[in-house]
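Listed after this line are the structures, all set down as structure tokens.
What follows is a pair of complexes built around chain A, which joins chain B in one and chain C in the other.
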Partner chain A sequence: MATAAAAAPRTSGIRFGRAARRYGWTIAVYSLFAVLMVVTLIIKPDYGAFEWNTLTLAALPLAFAATAQTIVVLSGGIDLSVGPLMALANVLALRAMLGHDLGYSLIVALIVLLEVTLAGALNGAIIVLTRVPDIVITLATSFIWAGLALLVLAKPTPGVPFDFQNLAQGSTLSAWIPNALLLLLVIPLVWIPLRRSRAGLAIYAVGSDRNAAFRSGVNLGLSRVLAYAVGGFFAACGGLALSMTTGVGSPLAGTYYTLSGVSAIVLGGVSLAGGRGGMLGPVAAAYILSLIPAVLIYLGIDPNYGQMIQGVLIVIVVMIGGLGVVLRRA
Partner chain B sequence: MTSRERHLTTARWVAALMVGAFAMVACGNQPSGGGTTKYVVGVSNTLQGNGWREEMICSIKAQAKASGVVSKVVIANRNTDAAGQIADIRNLISSGANVIVINPSDRDALNAVIKQATDKGIVVVAVDQAVSEPTAYVVSNDQVAYGQLGADWLAKQLGGKGNIIEMRGINGVPADTDRHQGLTTALAAYPNIKVIKQTFTNWSLDPAAQQMKDIFSSGIQYNGIWTSGIDSTVVDQFQSAGKPYVPIVGADNNKFVQELATLKDKGLIGAAVTNPPPIGGAGLAVGLAILQKTHSYDHVIHLTPQVWDNTTAAGVSKLQTTYDSSLDPYYSVAFDVKPYTTYTKQDLIACAGPS
Partner chain C sequence: MEPSASAAAPCVYQDPSLLPDLTVLQNLILTATPISSFRRYLADLGLGGFDLSTMPRELARPTLSLLDLARALAIEPQLLLLDEITASLPADLTSRVFSVARQLRTEGRSVIFISHRLAEVSALCDRATVLRDGKTVGVVEPAQGGEERIVKLMLGPVAEEVAAEAASPSTPATGAVAVEVRDLKAGTLNGVSFTLRFGEVLGVAALEGQGEKELFDCMAGVRRPESGQILVGGKARSFGHPADAIRAGLVLIPADRLQALLRQRSVRENIALPFVNRIARWGPINPRREKRRVATAVKRLQIDTRVTSEVRRLSGGNQQKVGIARWLAGGFKTLLCFDPTRGIDIGTKRQIYGLVKELAANGSAVLLFTSELPEIQVACNRVIVLFGGELVDEMPASDADERALLRAAHGLPSEEGE
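Moving on to the complex of A and B:
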């Protein structure tokens, strides 16, 4: 970076090109979100703090599911057990928090984060040790985690302490800065140090070219286990987010988040081939995917079109993104 | 009238006008047509592709139209979980709904958002299944009784002895929990009846069909089947596999009723326990009455289910007359819930809300 800065006048075009390549998709996703927000404001001129809070609450678990998937996909894997891991975190939290106060709940939350991080690491360890493809192992473990969640809690049970729910449902700072938005800060707090570290670089390296990474002396196994462990951590965050937003523990809580998480990362510019992408795009994509149902309700459009519109949007965005890649190569 | 009284009257008028103006501002998109107040109705449902739920939504639309006081029905309908339904209900609040009819995906998870709605003066009616929030109205079939009556009929048919398969709905949703509780209560009186297998059909046809195939090939010994409403699919599986029928309990779904009426000589013995989807329209009627203060209702309204079986000649003729070829096979034969709904069968089939 230092040399690039020194040679700035001569290479500014190259730097711009690099920046566009690196952040182009992210900028596009945020532009899309901005356009959608403007459209929403036109459709609904009285869009206010309540509506904004609705969006932040709906997007919170999805954003964490997307983040969990992102880190795994960046390392060249795929985690089909994100949803069940969320459910596991969700029911473990309920069992332990039931009837306790906020302080106790926070300690429980930390322990649950640790437990589910370990479950994620176990996903990675099994994949590395058995050399069976990621998709097979995580499909299998998705049933294991889902079964475990049902063993922990057979049916949806209320009782997440009210103060703990308020961590997401309230708006402590201001009505326009709901807690559900602030909770997303967990993502940069974990991601930025990781990305800047040697281990984070190794995750990208393993994801983009495993052979090259191996020859450069990267510990492949360890990097992949780390990616799955961090994925487990974010899945646990998603499960706890569900505890906070619904107030109940539900063994089936994560059902919808594995696939919608994949949608969010595709929309967010993470290459499913691994090694490319970041966290900013998927988080914005989670907001976009949560805003669409709201807009449809405001417009009173037949809800059966909702999923179609979502699908069409993903196809269009991915096609535009793919076009960008082709043009760059030409 | 003293000047003080006149003063008060004026003050009341001003207050009423202010409240009216505020309500119009707050609810934004309410054209008032022909002097009657027009209300916006919100609907939240979280199970798509299910005939029963489709009929429920159509009954809400039909009742909205028949009531004459609804300007718009806004429907939030997608396959989602409690967190998604919370977002949907919040969006319906934002859409200016005056009544929100919900088919809840969880008994407790929606309480906070329901309270937010009722605090804003919105009437919230949970239909089909219960919620635990006391400010909401619950208009539903007595789902505990649904489970109990069907299971009791089945146990009696089997002479109090044998293995039954329990094909439930969606794990953890209130109606499934209640029906299971009813079934368990009923079977407690029959110690020799054993639930040999339990499945979750998710109230969808395909999983139920697959589960029946699995049951046939597994060699499980069963003497009767209790279903939570995915019934004709089970009968169809017996037909296509060429297996001898066992007594089957289902709901008052059109196709199942037809099968009970026509397949008796082929050996099909069964009972339909009523669970009318127009409970949605009934819920809206109750909600509108509360809103207009034309009638007051208890917060919990339960319909008591009936059992129609084909073991007697009278039962068969009842089933024959109830079957309705003009309705969708996967709809229920019930097209209204008296005395609450006021629309006609054509309104329900048209499935159109107020234009």
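Moving on to the complex of A and C:
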């Protein structure tokens, strides 16, 4: 389209300005992460591959939780059951994998992905069919999934096969490229084809303006169910990531990830009103949120301050973003 | 379940249906629109070389309407539905839409054109079906002097009386000065001065974007002027907030009714809202008193509803009446009407103009902007014309027919040759 655009009386300066405006938030989030990393290196000069590996392990489940929430929020919804869905995937995987080898574990993982994707689709279907607001339905189903997880596994149980754990915990390529970083590739592998398809456009469309989407011939119900289903898929990825990184099946491990996922997407520049945002920002935000407790430990501060810092950070970042909008208008 | 976009008869609505957060190109992909054909029609509409990677969020409304139209044309429909598309278009773009519609006609294709602007109907249409209250009340051939018949059919027997009254010509007012604007500058608005007297309806005629929006916003306290003065009752006032303007007796009736109304609340609460903080202060609301005042206002305006129903369930015309009723109930001195009849049927429209004139006759001052020039002569005593942010002309309503206004609103008559 670039050649066609050249015919228009527009300078490249305007085009650049527009690109900066459109992707500005993502660039800012990555810059923030870079700054935080530099600060970390100053605080802890012997920061090495081990610490980096620890960070990627901590960020992996959160990155998936944020991805799951992002796609639902882009479609104009919200999913309060992301955490419990992760827990459900986590305990289902442990029950089935216990005492088996890698090949068997991978088949289990695929089945769990399918099951939890269906659970996500069910979330969406209930919302579309009952027309009850999504926040109510997913609040209700969050209790259902959490209860189900407790039925599957009453208390935290170790026993995820080591080979399966190593899928995330090892560093196959190089010490600085841990497997936990490579596993993030699942996100673009699913997201980019979806984003380029009409179905993906339809998800953005529904979140952007439901009325206009309807007039554009978008099947609203189906698009929303699809968003929740893909959200379920990424929640399942998050649950499996928990299995790999902790080695434990825990029915309560997911609870933390619902709201942390929301934090990550807000920080990552996804509009909670729907239709605006992408995947790059939330993933970086997941890394930022995981880095903060680590930095506190290096500083010898109680890492529980991390929660408070996370809250302050969200307010400041979103406020600066809002300031940018105000300045642009003036 | 599949809406009309996939069928052979696409519809272009008053509100553009492009998705604000997808690029134009993505919008086209979403609706499976052939791009080359879209570009060709876009060029016909005067938007050749348009950059498809633009987000509709960043575009002006008229452009969006044209893009919407080009998208509908691109699938080469046999039947095209245009639903009030001209409502958001300035005159020059409207004529481009018309030439495209005529082109379709010569190719043997059909256009259904929905409009409340009679001049457009007679300019474009071969045949007009008149609907009132959901029923067909007549089929007219507008080319042969059918305009009067259309008006009659649309008004129906009851509203005709009101209309006749509203259409009677007005005389210039000589009341005391209500508001004086001195050299006001804000955005496009570049140094405008005029006086508004009690007992008159002062019309503001302008094509879109000549500073009329800024003028009303400044007077209603929505934005601060860059320089200049607004004198109310001879005293210079500075409005930092709409509440300041309301306290000074200046109230705004916006074009977008829902901007001023709480659409999920009842008619009664909406009408009561602006004077709640006057009567009750911070104490409890006196429901009986509230009810009485609201009932008076509703009766006076013939709002077609039970007052406890939600505002969003009312028709556009009735919503606008609620918007006016709240100020009647609250008491005011100066009414600022910014295109109050946009998208309203002609019966209600005339009722609103009748009401505005009645208010003026009872001693209020009214400043009225309307995007439909012929209505100025119907409603106003005097007209000021804005062009390029400056006041270029002033005339009594008797001289302000559509031709004269159009010429003035385009700047100098010799330059444009309208």
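Heads up, the rule we're going with is that the second predicted complex is superposed on the first by the 315 of 330 C-alpha atoms of A that agree within 3 Å, B and C clash if a C-alpha of one lies under 4 Å from a C-alpha of the other, contacts with A are read in each partner's own complex, and residues count from 1 in each chain.
The rule we apply is simple: contacts are C-beta pairs under 8 Å (C-beta built on N, C-alpha and C of every residue); 3 or more make two chains touch, one makes a residue touch a chain.
This is a predicted model, so every value here is computed, not measured.
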* Using the touch definition from the top, say if A:Ala294 reaches chain B (first), chain C (second), both or neither. => first
* To do: Once the structures are superposed on A, label A:Ser250 by its partner contacts, choosing first (chain B), second (chain C), both or neither.
  => first
* Asked: Where does A:Val218 make contact in the superposed view: on chain B (first), on chain C (second), on both, or on neither?
  -> second
* To do: Please work out whether A:Glu115 is in contact with chain B alone, chain C alone, both, or neither, and reply first, second, both or neither.
  => neither
* Asked: First (chain B), second (chain C), both or neither: which does A:Asp163 touch?
  -> neither
* Asked: Does chain C touch more residues of chain A than chain B does, or is it the other way round?
  -> B
* Name the residues of chain A shared by its contacts with chain B and its contacts with chain C. => none
* In the complex, go through chain B and note every residue touching chain A. => 28, 48, 72, 74-84, 86-88, 90-95, 106-109, 111-112, 132, 171-172, 177
* **chain A residues within the chain B interface of the complex** => 44, 46-47, 50-51, 53-55, 57-58, 61, 155-156, 158, 165, 169, 242, 245-248, 250-253, 255-256, 290, 293-294, 297-298, 300, 302-304, 306-307
* State the interface residues of chain A toward chain C in the complex, per the touch definition above. => 1, 4-5, 7-10, 18, 22, 198, 201-202, 204-205, 207-209, 211-219, 275-276
* Asked: Given the complex with chain A, which residues does chain C contribute to the contact?
  -> 1-6, 11, 13, 15-22, 25-27, 29-32, 39, 48-53, 55, 58
